[in-house]
Amino acid sequence: MGGFFGIVSKSDCVRDLFFGTDYHSHLGTKRGGLATHDGDDFIRFIHNIENSQFRSKFEDDIAKMRGRLGIGVISDYEDQPLIIGSHLGVYAIVTVGVVANLDELARETFGKRATHFSEMSGGEVNPTELVATLINQQATFEDGIQHAQDVIEGSCSILLLTRNGIYAARDKFGRTPVVTATKDGACAVTLETCALPNIDCRVERYLGPGEIVWMTEDGIEQIRPPGDCLQICAFLWVYYGYPSSNYEGINVEVVRNRCGAALARRDSTDVDLVAGIPDSGTGHAIGYANERHLPYARPFVKYTPTWPRSFMPQDQTIRDLVAVMKLIPVHELVEGKRLMFCEDSIVRGTQLKQTIQRLYACGAKEVHMRPACPPLVYGCKFLNFSRSRSELDLAARRSICEIEGDETATPEAYADPDSDTFHRMVEGIRKRLNLTTLQYQRLDDLVAAIGLPNEKLCTYCWDGVT
Amino acid sequence: MGGFFGIVSKSDCVRDLFFGTDYHSHLGTKRGGLATHDGDDFIRFIHNIENSQFRSKFEDDIAKMRGRLGIGVISDYEDQPLIIGSHLGVYAIVTVGVVANLDELARETFGKRATHFSEMSGGEVNPTELVATLINQQATFEDGIQHAQDVIEGSCSILLLTRNGIYAARDKFGRTPVVTATKDGACAVTLETCALPNIDCRVERYLGPGEIVWMTEDGIEQIRPPGDCLQICAFLWVYYGYPSSNYEGINVEVVRNRCGAALARRDSTDVDLVAGIPDSGTGHAIGYANERHLPYARPFVKYTPTWPRSFMPQDQTIRDLVAVMKLIPVHELVEGKRLMFCEDSIVRGTQLKQTIQRLYACGAKEVHMRPACPPLVYGCKFLNFSRSRSELDLAARRSICEIEGDETATPEAYADPDSDTFHRMVEGIRKRLNLTTLQYQRLDDLVAAIGLPNEKLCTYCWDGVT
Amino acid sequence: MGGFFGIVSKSDCVRDLFFGTDYHSHLGTKRGGLATHDGDDFIRFIHNIENSQFRSKFEDDIAKMRGRLGIGVISDYEDQPLIIGSHLGVYAIVTVGVVANLDELARETFGKRATHFSEMSGGEVNPTELVATLINQQATFEDGIQHAQDVIEGSCSILLLTRNGIYAARDKFGRTPVVTATKDGACAVTLETCALPNIDCRVERYLGPGEIVWMTEDGIEQIRPPGDCLQICAFLWVYYGYPSSNYEGINVEVVRNRCGAALARRDSTDVDLVAGIPDSGTGHAIGYANERHLPYARPFVKYTPTWPRSFMPQDQTIRDLVAVMKLIPVHELVEGKRLMFCEDSIVRGTQLKQTIQRLYACGAKEVHMRPACPPLVYGCKFLNFSRSRSELDLAARRSICEIEGDETATPEAYADPDSDTFHRMVEGIRKRLNLTTLQYQRLDDLVAAIGLPNEKLCTYCWDGVT
Amino acid sequence: MGGFFGIVSKSDCVRDLFFGTDYHSHLGTKRGGLATHDGDDFIRFIHNIENSQFRSKFEDDIAKMRGRLGIGVISDYEDQPLIIGSHLGVYAIVTVGVVANLDELARETFGKRATHFSEMSGGEVNPTELVATLINQQATFEDGIQHAQDVIEGSCSILLLTRNGIYAARDKFGRTPVVTATKDGACAVTLETCALPNIDCRVERYLGPGEIVWMTEDGIEQIRPPGDCLQICAFLWVYYGYPSSNYEGINVEVVRNRCGAALARRDSTDVDLVAGIPDSGTGHAIGYANERHLPYARPFVKYTPTWPRSFMPQDQTIRDLVAVMKLIPVHELVEGKRLMFCEDSIVRGTQLKQTIQRLYACGAKEVHMRPACPPLVYGCKFLNFSRSRSELDLAARRSICEIEGDETATPEAYADPDSDTFHRMVEGIRKRLNLTTLQYQRLDDLVAAIGLPNEKLCTYCWDGVT
């Protein structure tokens, strides 16, 4: 998905910028970047973080950076920040989101015979460069950012750094969060609020959908008020977000605990212990165990010294290897046990199947699975989440195909969790994963656990509603 | 402390050697090293891992390594493995432990005017090179290893790789574990058993104190039987070990759960939730929460993408910074709450004090602390644990000094957990840390939680008994 | 100045591209870059070569490159090659020359509100990106390249790589050379012909001024015929070029030998030996010594293992240090000797003065200097040569200022080598450098040594004629 | 061969140590190393220089080094300097030479069961570590160094750095030079005197064979007087040394010029121009051209920006490639010309043959060759020169084998340059290399060109006399 951070300070901001950006490391696996303006020039560094930590890659750079304002990014895809020169002046820019109509927009701009894209890798247009091009088509930054958001399909939150300040813009429907914050002598903007406490910042305001603000030394000024329609991604709480983060004021760990509790309230399966698939299943499992007063335990421990976050080995063999290597079983907590596992979600189920096999190989008596969200049946169009995955690879869709004997079957008939079709779909998944029992979260329970009105949440990947 | 791994295989062993060694990353912060013999020559790589992961540093090297037998090490102190040539032939060697009489032994060897040490950094003798020198003084490897263990004070477990096999020796009193393992076509030796399952190895045997084995393609042969006196470090279960590891057949996570349960059984404090100081307090806290049927929660989340394990920044300011940066609070789980924390132990208490202050700053109503072991009053002489720490820095010793008004006061009078002196010492610590309540584990409860007879455990840091 | 190389082959071209580009290393000190098209995508690498060799920086990259066509560049200034996407498609581009009206052209393009520059460093527009923008303004590559050359003041030779072939364009007045070449199964294009023999290529044709060709697997096709007016830089033979290179079919070493001979023919000074200031003075000195049948010698030897070419240390102190360190005197060939030195030219004379002082310090009896070209009085506007040097820093201008007592004095009156004013100017330089005698080459002798008609040569820096 | 440099100064010595060592870069291709003592500890860096320059590798290190005394080394073989701890204290050591009886000495030391070698790579003993072991066997450094030189067969010059000063020892027969030097506030020791002028040092004294001195802040003290028998390597002047260096007070470039002149005096072949095979043939060719008043020219130019010195590509294919790539022909100076080439020597002749073929391919009419020394018939036993070459690979031995039809033929009968056998051997080489004429230097002429009495020169590789 990616994440970003920006800061404007009365003193040098590099240390805060470094840590503020670093606290988004869990959101992206390909590129990290930082840019400051030191009063004279922009200073920028971009590194490949596919196989090492942001911290290791940037620790030397920050000694060469200075400035009282800057932006940073963790990117799942393209090189960022870009330094752009145009009739608006020179600026740095980072974006989070997905420009679904990228090719169409690029063709349109080309048509005017007056622009080009130079940040291309593998022949593809750099989405952030395209966004900059859209901004440059207008007379002011404000108009340009608004224009970009009007024509982009998908989502696009933006930080734009000039020599004087930072424009921060939340995407049109607020699918990704953008939060302003303050501390003595500085104001900041972040995607993840977990970036704030350790650099002594407090949340100032959760920007609304499409809202634009202008941050300078003198404070934060609203440039464009928020729109009416909020469609924040519900998956942020379920999976993406760091447990210490809040979106719309609602904490991730707390929601996960409530998700687990909700699953527990509809469950009376007899088990010996409750566990989560690390890391994102942990919060759900704790909530489940507490609700049912069952022992919580860690039959699998993740080897964080080596696998601190998701990496992107280019080789599929190595990727499978990592899946095996990162979790180490505790035999004593598996052998002969009836195990209740909470997991954030089941996507394709490939690695989960392998994990379950290993539990049986360790002597597990029963393995029960409780995903914290309903079956995924639609691929995300609004964030980078499912960029390279076919919808038909989703475990639920596969199960539907098997039932229907037809790849073109529409999943609508399998939506109602009280229906027989739904139960047959779940049963298909259960069998394939070789689980003792499998019970999904209901969408209404998930929405209640988050605590926002349903219409403010994007639940597209579960119900196809846009 | 450090850790090591060795393997002899019928096919190339490099991948297993790499992962087997890597799974000791939590045990050392300074150097990593690998050595194989490829049939013709030794191939060796050593890297500084103070500021990055073993994996990142060695991933390129392993493409250049090959061989059917090899050894690896994670070292808290010196460069290893060394490649040594002597009248015994050429061999590679790694060690774990502490040679307490290093200077004396070096002087003795110098006295013979016939040896030297070339692996010196900062003018200090490399302990592993000294061990090699001791081995070389005898006619055979067996005699040499035995001789080394006879004259070394402290502890010294050894892996010694020749072109034909590996000698594995557990230190004289078994303070550190050494475990042999097997799989089809290979046998291995490890300090941490958590290194085994993901490379498909099963524990063969927990070597006894002073035991020496010789591992070749044909199997594992006992060269010297174990001694009678076992003094395995109890702190391995409490703090050092990875949750998935077993020593003497007893699992770490299980012991931690039992430690927490033991603390819980002697406690009736009213609290809202139970939590552990990550990472090593987690297992204790889970045990505590389960025993008292109290809600377990994570009011602090460690930012593992950036701080996957302990690092050793050379600068103290940065070290303090890391302490702050690695834990991110979840306000919702702290504010207005009565928090019960389990921690593995309290050493100096400096960083813990800071952590507690942050909890109050987040609005914690009460902060209770339950260390999983008794107060530390003696510095370890047998492992690297307390190398650079003065005994008088220990929180318990500091409290005793304040009570006695005298740095030379002996701590014996404060040993009995039922005594008034003990309670006054604990109260001193509680006040300094600003805790609502503080209750330490009793030594007998700890010993029971581990499950070995007291006389087989080294409990020196708590009771001074050697 | 910079240099470039391109190749289209029936088989993989990477090795030839690497060496072909590498043989331009003497022409630039800041950036090196390579780009190929592998049938699917562009593959590009750019490295900083300010402090190390092109070869060391790119040796690892070429293992990752493949393709049957590619371009490479050694650049004195900006990052290249750029990968550009536009309505013309995706392409890679490199340029050599100087866009004197860069800021004006950038402002014009911005004015259309539809373009931007993303390859900015320190807030400056990347000249090659600007050239791409100019090309993109037209309907075809041919029209675009011609348009760029029409509006650019200065000079701009271009290689433009598409997935199907390479456009090669020599700058409008042919100030820099562009040469096509062939071998079995491949055709190439180069700035320096010294890049050709060791990759088995033969010169096909020296492109004329403003000429554009299109190179594919099937051969080289003229797209635009050459213009009438050639103004090739005479300094290429005197200083820039590698001795093994030819421009307009005329070899550099041969011209240098003829330059030295011309100086010799007007000279009868009694000396003990003749020497060149390495490296570029060597060819001139050999010609001089041979013409007068005087002993040629090497009283200074350049320490090439450490100073293989010019480097660009950022620190002026270090730059001065390098000047001292790179030449090692041979006392025996200096002490008590009357030394005749040939040098390519005298620019500011700062380092030369230091070198002369060292000769006296080694016991030189007399030091005579013979620059192979006339006094430099105008700063180059057409290549990057004098980018950062003020005209008033030139040794000749400084001497004129001293004579006139006025910085605004025009140098026209000092142009005639037979005039008294000219002799007074030279005498001023001679005194400042503490030379026994100083005699410059006459411009007519230089032109004759090169062998092209005067009107085809750019001699602006000597006579101000454009 | 390798080279070393040491300095003791009243102020920080790191800059001088860096440059002093760097000026030996032409003598070794594998390792570079520096060590200083900063008053408290030794600071040491060793780098692989097989594929990059000493300067690039050490530029970052020197910022971390400090101290008023230090030693440095360019090594063709082993890791150096070593930091050694022994009963003599801690010291750093570098050596130049070859320990011909290495294995025997190692076995002897092992026999005492009290030493070992830890600096082993590929199972081989590090010769410098062996030398240290030999030194440690005595009661003092002086006795130790003398002992080492007494038992070593081959040659071994030594710099040994303690916290107080540097011991410098020239090998027993003075095969390699060791020269002391001074400047204000410092004294230095070097192998190559070309290291001195640019750091403002003057030669103090050329140490005699086996001489040992002790250098401190207070000056240079003779510890052991020189022996009677000098056997300095004559090849130092012919090939190894840098033109700016002197040995026994005799300059390399001057000797090379005299070598060329001597060849010229015995020659009357009609040619168009005289040239040297770069780099080491240049000085010889200049002497030849000057003596015969023939034009000197550069029909081959070495591409120094990329090939500043010899490198050691591990791959033979790449090594051959380098041989082709490093020289670029100047067609105009080859085509139709009768070329007289001077070369330092002909070893195997493999690459020379290739070079000659390229000259004919460029249209050379005649190619004449004049090696500056007699035919090489014996492999060097005293320096590293011929470490990996079989004597039978030498061009002269190959020619003898062909004449005799027998590999075991002794070359004695071919020694006299006036004999018919000698002429037949030379004719064999000429034919194989496809030369128009081939005339070798006579040994008496070579000795006269150097200017030392024959008995003070080692001429073993030509006459087998030890």
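Which chain is which? They are A, B, C and D, in the order written, and residues in each are numbered from 1.
As a convention for this text, a contact is a pair of C-beta atoms (placed from the backbone, for glycine too) under 8 Å apart; a residue touches a chain by one contact, two chains touch by 3 or more.
Predicted model, so just to flag it, every value in this text is computed and none were measured.
Considering the contact criterion stated above, no chain is in touch with subunit B and with subunit D alike. In this assembly, the C-alpha centroid of subunit B lies 63 Å from the C-alpha centroid of subunit C.
Our note on geometry: subunit A versus subunit B, Cα centroid distance of 36 Å, whole angstroms. Per-chain CA centroids place subunit A at a distance of 51 Å from subunit C. Inter-chain contacts, as defined above, occur between A-B, A-C, B-D, C-D.
Here subunit B touches subunit D in the complex through residues 40-42, 82-87, 90, 106, 109-123, 125, 129, 132-133, 136-139, going by the rule given at the top. If you check the complex, the residues on subunit C that touch subunit D are 19, 22-23, 25-26, 51-56, 59, 194, 197-198, 242-244, 251, 253-254, 257, 279, 282-283, 286, 289-290, 293, 295-298, 301, 303-309, 324-325, 328-333, 362.
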